[in-house]
Structure formats: C-alpha cells, structure tokens
Amino acid sequence: MVRIGIYGATGYTGFELIKLLLRHPQAEIVFATARSAAGQRLSDVFPTTIDLPLVGADQADLSAVDLIFTCLPHGAPELITIAEAALAAGKRVIDFSDTFRILDADVYTRWRGKPHPAPELLSAAVYGLPELHRTAVRSARLVANTGCYPLTVILPLHPLMKAGLLADRTVIADSKSGVSGAGRSLALKTHFGEAHENFSAYNIGRSHRHIAEMEQETGARIIFSPHLLPVFRGILSTLYVNLKPGIKVDEVRAAYDIFAAEPFVKLLPPGKLPELCHVVNTNQLLIGLQAVDEAEGRYILVACEDNLIKGASGQAVQNMNVMFALEETLGLI
Amino acid sequence: MVRIGIYGATGYTGFELIKLLLRHPQAEIVFATARSAAGQRLSDVFPTTIDLPLVGADQADLSAVDLIFTCLPHGAPELITIAEAALAAGKRVIDFSDTFRILDADVYTRWRGKPHPAPELLSAAVYGLPELHRTAVRSARLVANTGCYPLTVILPLHPLMKAGLLADRTVIADSKSGVSGAGRSLALKTHFGEAHENFSAYNIGRSHRHIAEMEQETGARIIFSPHLLPVFRGILSTLYVNLKPGIKVDEVRAAYDIFAAEPFVKLLPPGKLPELCHVVNTNQLLIGLQAVDEAEGRYILVACEDNLIKGASGQAVQNMNVMFALEETLGLI
Amino acid sequence: MVRIGIYGATGYTGFELIKLLLRHPQAEIVFATARSAAGQRLSDVFPTTIDLPLVGADQADLSAVDLIFTCLPHGAPELITIAEAALAAGKRVIDFSDTFRILDADVYTRWRGKPHPAPELLSAAVYGLPELHRTAVRSARLVANTGCYPLTVILPLHPLMKAGLLADRTVIADSKSGVSGAGRSLALKTHFGEAHENFSAYNIGRSHRHIAEMEQETGARIIFSPHLLPVFRGILSTLYVNLKPGIKVDEVRAAYDIFAAEPFVKLLPPGKLPELCHVVNTNQLLIGLQAVDEAEGRYILVACEDNLIKGASGQAVQNMNVMFALEETLGLI
Amino acid sequence: MVRIGIYGATGYTGFELIKLLLRHPQAEIVFATARSAAGQRLSDVFPTTIDLPLVGADQADLSAVDLIFTCLPHGAPELITIAEAALAAGKRVIDFSDTFRILDADVYTRWRGKPHPAPELLSAAVYGLPELHRTAVRSARLVANTGCYPLTVILPLHPLMKAGLLADRTVIADSKSGVSGAGRSLALKTHFGEAHENFSAYNIGRSHRHIAEMEQETGARIIFSPHLLPVFRGILSTLYVNLKPGIKVDEVRAAYDIFAAEPFVKLLPPGKLPELCHVVNTNQLLIGLQAVDEAEGRYILVACEDNLIKGASGQAVQNMNVMFALEETLGLI
C-alpha cells in the first residue's frame, strides 16, 4: 500500500483525486488538508464520499506517508515550504501546479516575468508525463504533473516531431476547455450567469503561460488560442500542422505506432474524430487525424481528454503507479 | 417622453431594464449609476449596447428626471437615502428590492427579524402589480416592484381566492428558478462548477422571505419550496391547491376570465401546460390548470415567467407605463 | 464469475450497465445485443470502451450465460420471447422495463388499458428493490428492476409507512428528472433545441404509469408531477407528507434508522438537503427531511439519485450481487 | 407596409423571423405555411406568440403579398417551384437555403456533386449581404440570404482582402456553432443526450459546403473546421491569417474603417475580444483583432454573431429593409 497525504483536498482536482484513490486497491489516504473546511469531514462537504477528516496543513503528519500530492496554487509560498519539507524527509512529491514543470529557470522567468520561487528544487523535478518520460518518472522524487491544456498539444505532436515529419515548426493550437479548468475560486468569468450559454476566447496568440511547457516538450513553436466552453469537464484541441509536402496520410498515421502499447493514448481510425463525451470521466486521451492536403502537407489533428482526469488527477495517479512500480493502469480503468 | 434615472445599471435586472427601455418609444435614459464600473461606458462592459456613461450614485442629477428605478440591494442604506431624496424632490420611484413590498411594518419585522429601515416611506408605497392594483399604481409615488417568485404564486391563486373556491387556505408552491434570480454577486452556490448540471432545493417550508408578499397578496398560507434550476432565466411554479369538493373544472377555469383583458397573463387551454421556453424573453405569465380529482377538489396549477422580465424589469416597465398613462404594453411586445 | 448476456446494449441504460460491469470483479460479459449497431463492436460506437462485438438478438448464445439483463422497450414482444426462453433454460433474468413490476395483472391492466402481455410470468417475478425485498431477490428467477422515478418516492416513504406515522395516505410527489430518463430514441421533446434551457411539467396528477409501482410498494396514494430538467442525469423528488399531528421531528428521523445498515440509502443530518451533484455517477439515494409544522404534522422530504445508476443500471448490478450471493456493494463503490 | 408570405414557419429560422417581423413597424405577415402543423395556429405551437393560422403551401395566396421568405430545405423541389411561381408573379423572394448563394453553377456542381436544380434562376440571384452588395440587394428580385457560418468568415476577412493586406491566400477558420444551426429535424447528433455537455469537430478541412460561399465572397482559400457547441444559439469563429510581414497593427485596424458606418458590424477596441453572450439575441456581428507577431504578419481574428439572427432571420429582415427602401435598422434594434 502506498500511504498518501493530500494538500488541498476540496478544490476540483483534489476532490477528483480522492475519488480515484478510493477506488485504487493499493492506495491509502492518510491525511487530507483543506483551508476553510479544516475541522470538517469530507462527507460534510460532499455527502456521498467518505468521512475523511480535513485538517489544516500544519496538522498533517508527513512522517506517516510515502507520497504527497500538492493541489495548491501555482508558486504559492506554502507549496514551496511543503515540498521542501517533504523532500527533506525523504518523501516523494507529485505537484499539480506549474511551478516545477519548466525545468529551465530562465525560461520560467521569461514567461512569468519573475524569478523561480525555488530554483534549487528544479534539479529534482521530472515532467510527469509517463508516455514521454516513464523512466525518469519511475525514480523521480518530485514529479511536476502535466498541465491540462499542454497534454492535448504535446501528445498529438510528439510522434510527428519524433518522426521528423514537421515542415514548419510553428503549430496553431485552437483549444477549448470546460470551466473546471479555472478552479473553484470565485471569479466573474466563472460565475454561472457569465459562463453559462457563453463561449469566448482569451489570452490568444503567444501570451498563455502553458505555451512554455508545450514548447519544452515538443520543440515546436505554438500559437495558442484557449477558449472557455460552457461545460464542466473536458478539453478539445484542434491543431493545424504543416508537414513535409507529399507525405501520404498512411505514413503520418504510422508515426503514431509509438503509442501502440500505451494504455491511455489512442489514435482513432481514419474518418473518426474524438468528442468530449468519449473521454469525460476516463483517463484516455484520444487523437483524430485528418489530411487537408497531402501534396501541401496540411493536416489537422483533434485531441481530447477529461481535463480533471487525464489532464490532472488521473495523470497524477498514473504517475504514482509508475513511481511505486504498480501496474500503470491500476485504479484508472 | 419619460425622463429616467437608473441606480444599479450593471446587475442582471438593471441591464435587462436598460435593454427594454432602449426599445421603448417614450423612454429616455438620462443617467445610469454603477459602483465598480462607474467612469466606464455601458458599451465598455457589454459591447452591443449603447455608449451610456456610468456614473457614481453621487453624480446622478435627480433634477433632470421624472422617474428613477432603483436596482439596489434589499434594505441598503444607500437605497433608503436615494428613495427619500427622490420622493422629496417630487420624483417617482420604482424600487426592485423587497424593501417596500410588505406594507405592514410589523409583518416585515416578523419575517426579517429586524425593524423596517424606513417605515415612514411605507405609506407612500404601492405593491407594483398592475393586474391587481392598477388604479393605485397609476398615482403611486413609490412603487414596490413585485418579487420574481411571488408573481408565479399570486397571479395563479388570485382568481381562486376572488371566486371563493379555495377549501383549504394552505397552498403548496413548489418553485424552480433559474440562477439569474440570485444576481450577479459572486457566491459558491452560483459558481459555474456548482450550479451547472446541478439541481437543489433550499430554504424549503416556511423560511423564504418571499412568502410574506405571497401571503399579503393572496390571503393564503403558503408552504414554499424554492429550487435552483441550471438555466439562466425563468421560473416555473407547480402549485397544489384544495378547492371546494365537487366543483367542475370548467367552473374553476371560468374564474380566470378576470384575466381576459390582461395583455400579460394567460390561462392555457385544457390539456396544455406552460414551459420555460414559452416565456423566456417575454413579459408573459402563463398558467396551466390540471384537475387531479374534481370530487375531492384537488387541482394542480403550473405557472411560468421570465424572472428577469415579467418577474422584474418588464414588470417595472409595465408599472412605468401605468404610472405615466402610457399604453400598458408599450415597449413590452 | 457470473456469466452475463445483455439485450439492448446501446441505449443509455445498457451502456451504463456495461461500464459498471467492466469494473465488477466477478462479472463476465459473454454477449451483448444491439439492433441497428449489430455487427459492429462497442468501441466503434464509443471509442473509449472495449472491443465487445454487438450481435443480433437471434445470435445470442443463452446457453453460455448464467444471467441476462434485458434493456428493451416496455412490454415488447421480443422481450417476452427472450424472457420466456431464458427462464425455460434455467437462466435468471433482470429486466429493466416496467413489464413485470406490477405483480397484480389486474392493476397492470387498469393503468395500461390493456391486458398484461405475459401474465404467466408474473408469479416468477420479484420487485427488484433489495432494501425492501432482499430475501425474495436472493432466490428470484425474474427480477423486475425498479423504475427510476419510483425509487425516489418509495424509499423516502417506506420508513414512514412502516412506523405508521402517516396521517393522510395521500402524498404529493413533485419530481424532476434529467433527460436521459426518456431514453436514446429520437423525439421532439428530447431534441436539443427543445429540452435545452427549458423546464416543463408533463403527465401531472394521476396519469403517469409509474404511480402504479409507487403505490404497490408504499400503500400510499400518490399525486405525481414529473418535470423534465435540462440535465442529462439525475432525479430529485420533493415530497409533501402529512404525518400524525404533534410528532417531534426527532421521532420522525428515528424511523429512518431501518436504513442504518444500507450501503446505498442515507438520511442526511438535520438542516442538510441532497442535491443532484451529490449523487450523479454514484449508486446512492440521499434523503433530506424538513419539518414545516410539527404541530400539524407537515413535513417535506427531498430525495435524489442518479436515474441511470441507482435508478437503473446500478440497481440492476446490486440485484445481481444479491442474487448471486456476492458482496452487495461489489463494483458499485 | 410590406405584405409578407413565409414558407416554413415552424422551423427555428422561420419562427425567429416571425418574432422579428411582429416587432417591425412596416411588415405585415399575410400568410405562413407549415407542413405537419398546417391547420393549427402559431399560438397552438407556441403559446406566447400570435394566433396566425398555419396553412399548407398550396393554400398560400401569392397574389396578396409583395415578398416571400422561403425557409425550406436546400434545393428542395418544392422550393424551386415556389420561387419560380413567385418570381413569375412579379413578387420578390428572400431564400434562406444555400440553393442560390453560389452564383456560378459550375462551382455549385463541383461542391455538391450534382447539377444545380434551377440554373436559370441564378441570373436573378444576389448574394444577400448588404455590407458588401447593398446596391445589388436594393433592386434584387431573388436574394440568397447568407449562410450562418460564412458571415463570420466573410465579414472579418473582407477589409483585409480589400486593403490587399493578405500575404497568404490560405486562411484557417476554426468555427464553433450552437446546435440550432442544425435545425429542428430530429437526428441523433442533435438529440439532447448526445449534444448536451459534449463538444465535437465535424467535416473539418476542405469538405464543408459552406466553404464555397466563403471563397466566392472573399477570394481566399479557406481551411474550415466547424465544431458543435452545447448551446442553442451563436457562432464564434477564430481565424488565423498571414498578412504581409511588418505591417503595424494600427494599419491593420484602419482597414476596418470601411465598416464605420455599418450599423451591424463592429471592430472591438484593442485588447477586447467578442463573446457569444454579447451577440445572442442581436443582429450584430462583432470582430476582435489580435496581433500574434507583427514582424511575421501573423494575426488572429475572432468574430461572433447570433446564427439565428445576424446569421439568418435578422439578416433576412435587413435585406428586406434594403429591398423596400426602408431604414436598414428598422425592427432590428
């Protein structure tokens, strides 16, 4: 059994993580922290779950766990303190924020406009994407769990980069995300009356900070247009790529054979495109490929996932399984 | 032309009111106030509307208007100050809050648990429901615009009370409202992730303060169960009444003839029930009547309206039309 | 391992059943039938599930299974044929339709206006509600899986009936259901443009055929108002009951202790009401109790469930677990 | 007064048209046809509208009208017959289908894979987009009302083409449409359970037939990815264009000055992007412009409209106003 502590249990990703771990046969939740709900039980907040006590972060007993999941705000001082303490105590850490995803502190500074809050921890960090970095994840002490948007760009592009098929490094990613991606903190943009029956683009072009990890992991240059969908869960990204002219679509499809043994990534058959409803409540990432013009090398990729599972908490459990030498699909099917 | 000032223009009812007034051939908006958006133009907040400047309440020129609409929080000190100043200056007031709806200050105190903030204004107040109080509204200086839920209870019950058909004073009102009824202020309950795809009951039984005005206007005793629907607009109420045993359904239907000349209230033909989609974006209140058991006198009524229009801003324009001797339907069809 | 055949795998309840059985450690799906999709694989229809071949009903090999689930239209000739063949072959049957729920053929005829299509099978049938009929379900050959609406009325009323607390046999059930309850067959009422952002009542009073099983199981007389909610999953019912005057709310709450050991039914603590979001994707039925007037004995109950799980496929798996002497919660938590 | 006949009054665009015409001070609806609802009144179908009788197409009296609107399926034999009869009788026609939008019959054949059903009518047809063809619309006998998707591509690109700013003729249009675009006919794709909480791409690349009119009106080559949004109304298109390198964003913005006098097209200020909620229930098309890389000439445009109004029925009323020398905004603000 992996003994687990969770920091930040009452946000959307924290609660999703708990639901997954309760079904996991090798996981034992030892403690869970919350800020405003500390002192209550999880079942007080959400009556169909377990009677887990929610404690303040300062009451969590690090010595009783093997692994902690940190579902805390990006770069928060509390997060740095907790991660340092856990690593110092020989515990392993899976962090949900994007604090440790950009492995080069200078790149972090360039995108954030301020220095990294804990550059000394970056050397311990591994980008938590088993499909690309399984070996490194296995022995990692600090895993930076992947971002929700980036996964829908990185995984579809990876085989094309690997096979050297891209003619133009610049890729357009038109992405659409459910509202849960913005978290449980109140904001006018995610007020029901503003998000419901609405649809909007935001931070389009080269401004969204998730571009940094997309580029780190693909080597491509990404023009990224996020949009807010009036659904709770799910991300669908439509990618426009320019491949070397004249390549046949079958050859392009063959590049995706490197995912053949992956349990959670799948290229759909010719003529089929993935939809949000296919992936919601699963740990799957589906990819569809459509040739627009073989002669010119123009292709469209459509990728989708559940942002709270494959894009966050499911991915975290998958990383845990790899780190603790468990069956990688355990608790995820 | 009626010269108009609006206090609280950027909430859901204030903005809906502005959209209605812009179509109204006899209305001229002279000023509109906002709190956080003061200094901007309305088109900065919402680009398809007009370039109306939004001012602070202290910059509004009362002398330039005939009528003010106050879309401010219930019982707010600012509201009392503004209403007093306007009435003192000989202006007429239509207030959207429930501050002046309960005409008996003692009843107000009993439901609110605290004294009325301006009992001296109550004598000037008229409950702003033209279908019941048209004559009083015509000459009123201070109109207390009806509450959104109450209208769906008062109008269906009124003919039954008037005709003396009710055998049991106690009526069950099971009501379901869209989220806009809770306003534009941020709250976890109206956060997209909590309200979307959810449905819940709240304040059921005898606790919701809107019961006071339902009872004032009907003489019935109301057991009231409000529910929160995952839509933006609309209220549908299902009412369970016990009429005198043995009355034929046709006789019950005949009681609704008192609405025959009303442009905005309609009893549907036998076998038809109203749906939210029928009334959204209209100033109509529709009623359906279903006999459960004529011998026992058991009947069900279904009533629905757009809570932002007939339940708030459309009703306010209807009141204005009555007050200024305009065609009652002007700007509302 | 229980070897299972599923008739009607591509409707909403059939597909939900398959998803549950795939997680169930003691279930093996041997065959699944479909009408228009016969010849395809389940993963052709829905890419994140398994490669199960879909066969025509005539190609299903009854001899290879222990149990069949029939997810077919109410009273369909095909259903009767299949049920008869399975029972004759010594197989056990869990039927999702309401064909076998009314155990008295005369009552069936009265509600349906036509004779029962297979009265000779009724003697083998058990109403599939373990919380009330666990012993009978255990040995039943033909289990009539409960209806979705009825469960939200029967379970909250059962303790009150059992404890003799009801003063008035007549109970008002104001129920609201997600659209999946109407199935996957096309109809204008469930067309996106008609159901989305809409809310409506239908078949109110004494006309909905589900009243028959509510009354059979409770002994109460039910006035039933179903409504269509613009969500996919979930039912919430608000029940108005008249108990014997003067009973204290604590005594009423105590009646629910008979559910104390039930894993899937729960009375919430005082002051708490269940919401759809609590039960969606679970096999739980939650109940909230609110006293309106202890002296008069007026109470409101709010109950909710996921209509596709506790109201259909989860309930079916629970019945299967009971019938095959498995842990009752297996595959359901 | 313009005397009007409507063919196909009970679909989504026909009904929206009627609602607009009822507010129009110079329009008189003389007849409205329906297929299955013929014999009923419009208020039987939708109780808050007028008591307009719905007749069969063969009962419509063409001699009593000046103008007909045809809201019938693309290329239907019935549509051709009606259009021919109306034109022969000297009446004017505004057609909602895409039958007469492609003015070159050969291009029609290439995109449709079959010959045009009435090539002899094409010489009378004008593409019904006042912003580009106001003079031609004024005197047109047959107006082909614009398609819903195309408008969100044509209007944002028009100033760039006109000013000669495009460096690359190929433009990517990633479009997202509400479900009403698929009409009121039943289909699994628009069944509530399939479209709700879902999001999907379809016909991506070079296959959607609306590309033909986009290219006719812009001269660009369009890579078009339509997606289905889980909302009823609205289209938002995100366009990726390559302009001549080194042009300053202010110069690009200046190209949109040609819309300065247009009442229904608006470029938002720098830093602002349009959202569906801004345009729903209006006849406005809003455009946002974002420079990605001035040096490279990479820009993103975001355009949105209400597909049932500016994208269909509002546009038709605007065309009517132009054809009959009325104020162009009449009935549309």
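To keep things simple, chains are lettered A, B, C and D as they appear, and every chain counts its residues starting from 1.
Everything that follows uses one rule, which is that contacts are C-beta pairs under 8 Å (C-beta built on N, C-alpha and C of every residue); 3 or more make two chains touch, one makes a residue touch a chain.
What you see is a predicted model; the values in this text were computed from it and never measured.
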{"item": "Where subunit A and subunit B overlap in contact partners, by chain label", "value": "C, D"}
{"item": "Far-end chain from subunit A, centres as C-alpha averages", "value": "B"}
{"item": "Contact-richer chain pair [A-D vs C-D]", "value": "A-D"}
{"item": "Subunit A and subunit C, separation of their C-alpha mean positions in angstrom", "value": "37"}
{"item": "For subunit A paired with subunit D, centre-to-centre distance based on mean C-alpha positions, whole Å", "value": "39"}
{"item": "Cα-centroid distance, subunit C relative to subunit D, in whole angstrom", "value": "46"}
{"item": "For subunit B, residues that touch 2 or more chains besides their own", "value": "197, 230-232, 274"}
{"item": "Residue numbers on subunit A that touch subunit B, as the complex places them", "value": "12, 179-180, 184, 186-188, 190-193, 195-197, 230-232"}
{"item": "Subunit C-facing residues of subunit A, complex", "value": "22-23, 46-48, 197, 266, 268, 272, 274, 278-279, 281-282, 284, 286, 333"}
{"item": "Subunit A-touching residues of subunit D, taken from the complex the two chains share", "value": "172, 174, 176, 194, 197-202, 204-206, 223, 225, 227, 229-232, 234, 236, 238, 240, 273-277, 280, 288, 290-293, 298, 300, 302"}
